[in-house]
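The two complexes that follow have subunit A in common; it is paired with subunit B in the first and with subunit C in the second.
Showing the complex of A and B:
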């Protein structure tokens, strides 16, 4: 992707939807996403007065209510801010906005509920197609591209062995991601590679990791912790068996789930793993020469200060 | 073997006779194990319709039992009794008593969407799991699962303020499920979290836990959502032949009110 490409131009200024997790437990992802955008000259305009996307929890209570909540965010971006692209770094938010887009373009009943709630809440009803929702991976990949990134790397990630972990919400279910699985230039839902590509452009050594889209049990991280711990233990062990020193993440729920259950697995299963859990935005930021604090490494539970120093990244 | 025969070979349905002769043939011992005859007469013919009336269950009628969902299932890999295909089969044939044998694990679906991703008939098995767990609770077959409590705590905060603050969700969840907040692994996590945290951020997080983050001007949306939720819950209860009056059972609408008073 060239930086003169129209799509690249379009993504250079996007509406930014951080979502609830990025204001709390996922703050490191928020900090590093903003720092990365700034370092790359990309403009993020935070969605004005946004609300929760509905997440899995509201969807479980009532899917149409989740559609409405996500539609309000897209409505503000489109109708108040006059933006055509919403960038959501959180896999959950990204998934839910995509799901709402799908529901509103295919289901009459969802449209009726959204219309009714929007009117009562006193804002313009979102119409399918008004904005395009993208993930932080699409954003960097399209706006800067692998070549653009390569040209800007100050501290190569050479020798950093990474297992790229994408989780569930970024690729499943297939029908809400019509742009995926459209050939080599698009993302794959079975073997996603956008994160691999970007980190490789920054010099990293990606390992062959079989559990890229395995589930971390994030939905039940507290309500069924033993299941989540087992699922995370699988992911950590598989990453280490593949030779990874770092698991790169792109979702605040996966990230804190891996961190939390890494500790819990040590306590309850006696399984000690040393693989570091780091957001891909933090790794790219370090590669661009940003300091560990600038990318919020101190906000991670998984301590990787000594590791990044050893690799010459700080 | 067709899956409906699974229930015929449970230990309680098998008979082994130490000494038995039938019409001159010796049928003693393990090699002549008998299966007790069984007549199923307790079909619930409304079961499929009831599940289909709950959110997520709408497309259950499309299933042609290929088993792709169970094959892809994250939870099935940990527990072979967790079997979406089998449950869909039981629901569609109205075998309620068989379904109830697994009532305590159905809520454990982790919503990884692998089933929905691979389903060739767009049944949305993940939605069927949620609808079934919901049905079990509404019918009083199971108490509220920890997952449902979590969904409610989370949703109440969203309905109330437009946003959630994850610290508050965690604390409310532990409180409502009667768990101690001081779990050794949780303390270890907080200890590691605080190791590098600057004072400014800690103060910010502490403030967020005390003063909930809010979406401005949320009042009108809150009212509209509350009204819609109450309406839907009454519809779901009516579809299951239950008293639609929310006063009969604690439901979200009431809990939203309670959360409002609590704030």
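Showing the complex of A and C:
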């Protein structure tokens, strides 16, 4: 992808939808995404007065209400802010906006409910196709590309061994991601590689990690913590067995789950793992010469300060 | 997928999930003892439990040469959330191929180790899902797009 490419130009200024998690437990992801964008000369215009995407709670009770909630975010971006692209770094938000887009383009009932609720709420109804929803991985990969990133690296990630963990929501279900699986240049739903590509461009050594899209048990962290802990413990062990020193994440739910259950696994299962859990935006920010504080490393639960120092990244 | 898998394990009563879990823990501690055929059979046995728990007779069919993949397909029928273990099953089949096609490869021990952990993930995912199924969807990403409430009288359909 060249930076002169029309898609690259299009993604240089996007509507930014952080979502609830990035204002709370995933604040480090919010901070590092903004810092990375700034360092790369990309503009983020936060969606005005955005609301929850419907997450899993609303979706499980009333999927059409979730479709409406996600559509409102896209409506503000399209009709109020006149933007054509919404970038959502959170896998849950990204997934739900894509799902709403799919529903609104294929289901008459969903369109009718969204129309009615939008009128009640007093804003323009979102029409399928008005905006394109992308993930932070698409954003960096398309706007800057691997070559562009390589050219900007100040502190190479050389010697940083990474297991890239995408979680379950970034690729599933396949039919809501029509742009994926469209050849080698597109993202794959079975073997995603965008994060691998970006981190490799920054010099990192990606390990072969067979659980990159495995479920972390995030949805049951509260209702069935033991299952979540065991699932996470196995993912951490697999990453270490694959030779990784770092698990790179791109989802705040997965990230928090890995961090919290890493501690819980040590306490409840006696299983100590030392693999660091770091957002890919933090790793890329460090590679571009940003300070650990600037990318919010201090906001992570997993303490990786000594590690990044040892690798010459701080 | 290009290797013929081990014979299906469904002739006798399936191993209990707990027994599979214990055995996988043993193998994770010493992966040099892990055999590709045994791990593949554990994967099949786990999916058989899931099929039976949902009132189905586990299929003896195959997809891409693997009964495991056919069982996964059967398990995901009417339950898209089960697709969250789709790639886990494919990784299991892939590691089976690696170990059986290149038994003397220098990476053998590493492959045994990874296949054991992949099998363990499948066991944890399915057994956890069975345990919690009454609490709702296990995987938040794959909620059926149109559920019963969707066509009924939910708030959005008021």
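What we mean here is this: the second predicted complex is superposed on the first by the 314 of 314 C-alpha atoms of A that agree within 3 Å, B and C clash if a C-alpha of one lies under 4 Å from a C-alpha of the other, contacts with A are read in each partner's own complex, and residues count from 1 in each chain.
Everything below uses one rule, namely that contacts are C-beta pairs under 8 Å (C-beta built on N, C-alpha and C of every residue); 3 or more make two chains touch, one makes a residue touch a chain.
Computed from a predicted model, the values in this text were never measured in an experiment.
In the three-chain model built by superposing on subunit A, subunit B clashes with subunit C. In the superposition on chain A, A:122 makes contact with subunit B only, not with subunit C.
In the superposed model, A:51 lies in contact with subunit B only, and not with subunit C.
Contacts of A:20 after superposition on the shared chain: subunit B is touched, whereas subunit C is not. When the two structures are aligned on the shared chain, A:217 is found in touch with subunit B and with subunit C. When the two complexes are overlaid on their common chain A, residue A:267 makes contact with subunit B while staying clear of subunit C. Look at A:238: by the touch rule set out above, it reaches subunit C but stays clear of subunit B. In the overlay built on the shared chain, the residue A:65 is in contact with subunit B and with subunit C.
Touch criterion met: A:299 reaches subunit B, while subunit C stays clear of it. Between subunit B and subunit C, the partner in contact with more residues of subunit A is B. Once the two complexes are overlaid on the shared chain, A:259 sits against subunit B while remaining clear of subunit C.
Among the listed stretches 37-45, 73-81 or 163-171 of subunit B, only 73-81 clashes with subunit C once the two complexes are superposed.
When the two complexes are superposed on chain A, the residues of subunit A that touch both subunit B and subunit C are 56, 60-65, 68, 113, 117, 168-169, 172-173, 214-215, 217-220, 223-224, 227, 230-231.
Only residues 56, 59-68, 91-92, 95, 99, 102-103, 107, 109, 113, 117, 168-169, 172-173, 190-191, 210-215, 217-220, 223-224, 227, 230-231, 234-235, 237-238, 241-242 of subunit A touch subunit C when the two sit together in their complex. Residues 28, 80, 83-88, 90-91, 94-95, 110, 113-114, 117-118, 120-121, 124-125, 128, 131-132, 135-143, 145-147, 149-151, 154-157 of subunit C are the ones touching subunit A in the complex. Subunit A contributes residues 20-21, 23-25, 27, 49-52, 54-58, 60-65, 68-69, 72, 113, 116-117, 120-122, 168-169, 171-175, 189, 214-215, 217-220, 222-224, 227-228, 230-231, 259-260, 263-264, 267-268, 297-299, 301, 303, 305 to its touches with subunit B in the complex.
For subunit B in complex with subunit A, the residues that touch the partner chain are 55-56, 74-75, 78, 108, 110-114, 116-117, 122, 124, 127, 130, 145-152, 154-155, 158, 162-167, 170, 173-174, 177, 184-185, 188-189, 192-193, 195-198, 201, 205, 208, 213, 215-218, 220-221, 223-225, 227-229, 232, 252.
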